[in-house]
Amino acid sequence: MVKSAKTPRVMIVLGSSSDLPVIEGCKSLLERFGISYGVEVASAHRQPAKLHRILNKCDKNGTQVYIAVAGMAAHLPGVMASLTDKPVIGVPVAAGALAGVDALLSIAQMPGGVPVATVAIGSSGGKNAAVLSARIFALSDKKIEAALVEYRKYLAKGGK
Amino acid sequence: MVKSAKTPRVMIVLGSSSDLPVIEGCKSLLERFGISYGVEVASAHRQPAKLHRILNKCDKNGTQVYIAVAGMAAHLPGVMASLTDKPVIGVPVAAGALAGVDALLSIAQMPGGVPVATVAIGSSGGKNAAVLSARIFALSDKKIEAALVEYRKYLAKGGK
Amino acid sequence: MVKSAKTPRVMIVLGSSSDLPVIEGCKSLLERFGISYGVEVASAHRQPAKLHRILNKCDKNGTQVYIAVAGMAAHLPGVMASLTDKPVIGVPVAAGALAGVDALLSIAQMPGGVPVATVAIGSSGGKNAAVLSARIFALSDKKIEAALVEYRKYLAKGGK
Amino acid sequence: MVKSAKTPRVMIVLGSSSDLPVIEGCKSLLERFGISYGVEVASAHRQPAKLHRILNKCDKNGTQVYIAVAGMAAHLPGVMASLTDKPVIGVPVAAGALAGVDALLSIAQMPGGVPVATVAIGSSGGKNAAVLSARIFALSDKKIEAALVEYRKYLAKGGK
Amino acid sequence: MVKSAKTPRVMIVLGSSSDLPVIEGCKSLLERFGISYGVEVASAHRQPAKLHRILNKCDKNGTQVYIAVAGMAAHLPGVMASLTDKPVIGVPVAAGALAGVDALLSIAQMPGGVPVATVAIGSSGGKNAAVLSARIFALSDKKIEAALVEYRKYLAKGGK
Amino acid sequence: MVKSAKTPRVMIVLGSSSDLPVIEGCKSLLERFGISYGVEVASAHRQPAKLHRILNKCDKNGTQVYIAVAGMAAHLPGVMASLTDKPVIGVPVAAGALAGVDALLSIAQMPGGVPVATVAIGSSGGKNAAVLSARIFALSDKKIEAALVEYRKYLAKGGK
Amino acid sequence: MVKSAKTPRVMIVLGSSSDLPVIEGCKSLLERFGISYGVEVASAHRQPAKLHRILNKCDKNGTQVYIAVAGMAAHLPGVMASLTDKPVIGVPVAAGALAGVDALLSIAQMPGGVPVATVAIGSSGGKNAAVLSARIFALSDKKIEAALVEYRKYLAKGGK
Amino acid sequence: MVKSAKTPRVMIVLGSSSDLPVIEGCKSLLERFGISYGVEVASAHRQPAKLHRILNKCDKNGTQVYIAVAGMAAHLPGVMASLTDKPVIGVPVAAGALAGVDALLSIAQMPGGVPVATVAIGSSGGKNAAVLSARIFALSDKKIEAALVEYRKYLAKGGK
């Protein structure tokens, strides 16, 4: 279920369709910054082959940043980071009994060599995954650089 | 680095060679129970292809139980459980700053559908991975069943 | 209250009847895999004699795997593992104030010699107790081995 | 290994002989208060039958208070409290990776009906198990009541 | 607000009137065991003088066991234990943001010399404070000893 | 053991003489700011009467700020705050098994009405107790205000 | 949005307008003590320039104490303490998934040199920020000193 | 103390010179990838003006990625992310009593709008900060893209 027809610059992969509310703000911000994105649901554990297919296809087609969203023993971001050389941003989800502590540690505590750029648990993290993508793209994209300057002004005025 | 020439019944996979001390007791107990085993080092994140190769080969050759040993964001047991239908026992290691809490949660909090049989952090868990393997094999192996009876007597006398 | 008339292969023991919702998915999956099971309620602390009777009877009658479900200072799985040589799977329940962290540690941190195969807190863990049972039985049961292959396909298509 | 020839008023049971240093201060204080005690090592998991024997014998012979000392998934105090109607004091030990948090929760979070009087992790808890025993006995023992008054003065002067 | 006209054997002190629901089961069990009790509300921090008055009066009048119930930085049980030589049982309450972890640690981690008999967080702990009182009294009270035997049978039949 | 002959502006109270290393930096900074101080050791639990005497005497003699240093179930700062209307600064100490988490929660989680100004665990907290005292005094003391300006410059140059 | 026309003695700064309920009790108590205050919303991260402006203006106009209220990675109190020499009181808020533990640690664990006076998570902390302010002012303000004496009486009678 | 004469692509900022060992592997990897870098020490709390100067100068001179390394209440990465639009990678350090949990939460739990790309606590995180930088630069730098392919092969062979 790829949202934009052309290859999106950002591919958001969710470990479960129940994680969709976590990325509402993420999608809005990517649209604000003019960054194309797609959304896929693929569990690292239940659907490892599907996950490999998505990554292979996206990598070949030019996707540049991955946002991986998962709860509990959240292996999705780390598994993705082990299969691609693109930046992977991990968003922990507060699923199950432990309020996302399990997901935060499963995503942040990656061993040396295979980084995941971890952001906050839940929708704050979802938003920041979008802004971090924009900061990465802005290094070589003047339009997004300008959009970040506007966004900074928006925040300074009390926007969220 | 497979220890026994023939296909071992148990394959122990370590995320890092630094985890080797954790399985000293595990290996002794497997030998006590007469269970053949091999030991491989394969990081789920740094060596995903090697891990797939090991699992494919072992599954084909008849390995019956996997013991996966890993620290920090310990994805190794979960990734293995997503690739095989054999029982996977996960041993969390107290590596890094968080004393193994990160590994325990990364191993135990698996989502529904893909189980990892989690045991205690460190060498106690290593030993119990061996005993749990023996309990599984004893369901259809009288020799191991008898060895467990002996082991129970040994423990009752204060053995460890 | 044994569900199936003949001795079930799996006996599920709950520390409290309030834990029943946790095993809904567990029971469905055992049925999917064609594994007979029974359900008993026996608190390790309030009903130690009843627990011993259940274990003695089940062990004699040929029960092969135990699933022990408990919250708070969840001693049930460990006590059962100290009394039988069959594999014991422990499911922590999020009862009381601490969201199941107490139960997870009380179940997973068993000392060397007496293993409990710990799964995730709550209903995810309940499901995985069933799948882990199936993986154990599949080692010597072609029907269940085939059912696991089907189940893997079901998960791959997005099933949960 | 019962220390005093006659039945001691307090029986200290350790889950492992490695827990012995934790009760050094406990023993000194029991001696200060003139309370007879014995020391046994019996793992709740590895030696359940031995534990039952000890409890049966002590209960019959008139032991009045139990002090149970254990680490990790510390079931010993709770199992003892499920088998006797005497007060059981639980001392968590900082064994393994988790610094005693696992033992504290495994001892303190007992379900309703079967109490364990939990004290602090480690040797502070060991000392307080002795003082708590003295406070219990002092309810019907003027000598110990007087010893507690002396002990309070000792503490007030900076004693530890 | 002392409930029973004569000096009660047990005095329950709450840090806040909002803790009253936590002791519902505690009061029922004390009544079951035929143990007289009173209930007072006195914050260790906001009402230190009132707390001293209650303790002085109760100690003089023959109260034998104190049950102290408090949340957050729960100093009440420890402060009481520093002012009396009677056994003090501490019940942590899940008040505020931290679900009672703060109260559990503030009550259980007492330094050597001044014990608090800590029980579980919330109403399970409240019940166990009553049963622990009964176990203490039963050492020199045949009626309560018999009531505990009855209670054990009640639990064995599935009672809670 | 009061250090300065005249009544000091700051009284440091330690729960145990083993906490003395924690206040080395605290004392140096108080001297840098020209703030007189005394040091007393008084356990809230073992020496409640001594603690009351110190507070009464200091309050009467004009001590203006208290620094209370304690580990484990660290009630000292809260008890002091319940007995005086002066600002009380609490320094948690990493004593015992839990690395100071117990002390931090026991000090910070005070109920409404009786504040403790909590600072970091250990010697960083000790230093900040001194600086916080200086900030309080500087509100009506030009010399200390100037010393804080100098200190800020010192920090800006990399001083610690 | 400064509440009182003249420069307030206390300036309350919130990291987010959603934190307003946390300071209801804080404002009531400041009014009880006759302490003027203002309220501003300024995120340390989204509005760093606004925060600098507020601090510069307040410092120049004679604000004496700051109360900083923030959740999650709560940098607001620490950032304020790095920019002013006045006492800064930090109130952690239970926002997001972690119930305020993140905010508590982000506020309390300040490195040596730059203190934040941390109080409890949530509205209890909000109240205590007000009382702590009063205790600071009372050192040189007889009216507030008297108000604190009255407040102590109010608490002693069961007020909250 | 800027290492490379020309403006480096990556600027590493440490909260304290004691954090230097944490970035040993980070520096080696940046050199492996041919990425120029500088190292500065600037505490967010003790040296806020210095930190602003560094950021202003680096931003003007073309630094593209910041790596911020800090312990305890680790505000450094968040403060930097609030002052620049470049990607900021945060490395938590295990300083003080809490083994880096405080730093991890202070860095990862940023509110929406101002992202920090958090990596693991300690030297594993330091290494991953370097690899994440390389992944970001590789989006528009073929040389670094090739170096990552080589690095992946190195890891696959067991390199660390």
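Worth a mention:
A, B, C, D, E, F, G and H are the chain letters, set down in written order, and residue numbers restart from 1 in every chain.
The rule is simple: contacts are C-beta pairs under 8 Å (C-beta built on N, C-alpha and C of every residue); 3 or more make two chains touch, one makes a residue touch a chain.
Because the structure is a prediction, the values reported are computed rather than measured.
Among the remaining chains, those touching chain C and also chain F are D, E. Interface equivalence for A-H, evaluated over D-F, E-F or D-E, points to D-E, where over half of the contact pairs coincide by residue number. In whole angstrom, the spacing between the mean C-alpha positions of chain B and chain D is 36. Note: centroid distance chain D to chain G, computed from Cα atoms, is 46 Å. Each chain gets one centre point, the mean of its Cα atoms, and the points for chain C and chain D are 32 Å apart. Looking at chain A, one finds that residues 16, 43, 46, 72-73, 96, 98-99, 101, 108-111, 113-114, 120-121, 124, 155, 159-160 touch two or more other chains.
Here the touching chains pair up as A-B, A-C, A-G, A-H, B-C, B-D, B-H, C-D, C-E, D-E, D-F, E-F, E-G, F-G, F-H, G-H.
By the touch rule above, chain F contacts chain H in their complex via residues 94, 99-101, 120-122, 124, 155-156, 158-160. Against chain G, in their complex, chain F makes its touches with residues 25, 64, 85-87, 89, 104, 108-121, 123-124, 126-129, 131-132, 135-136, 138-140, 145, 148-149, 151-152, 155, 159-160.
Considering their complex, residues 16, 41, 43, 46-47, 49-50, 72-73, 96-99 of chain F touch chain D.
Chain G contributes residues 15-16, 43-46, 48, 71-73, 75, 78-79, 81-83, 96, 98, 101-102, 105-111, 113-114 to its touches with chain H in the complex.
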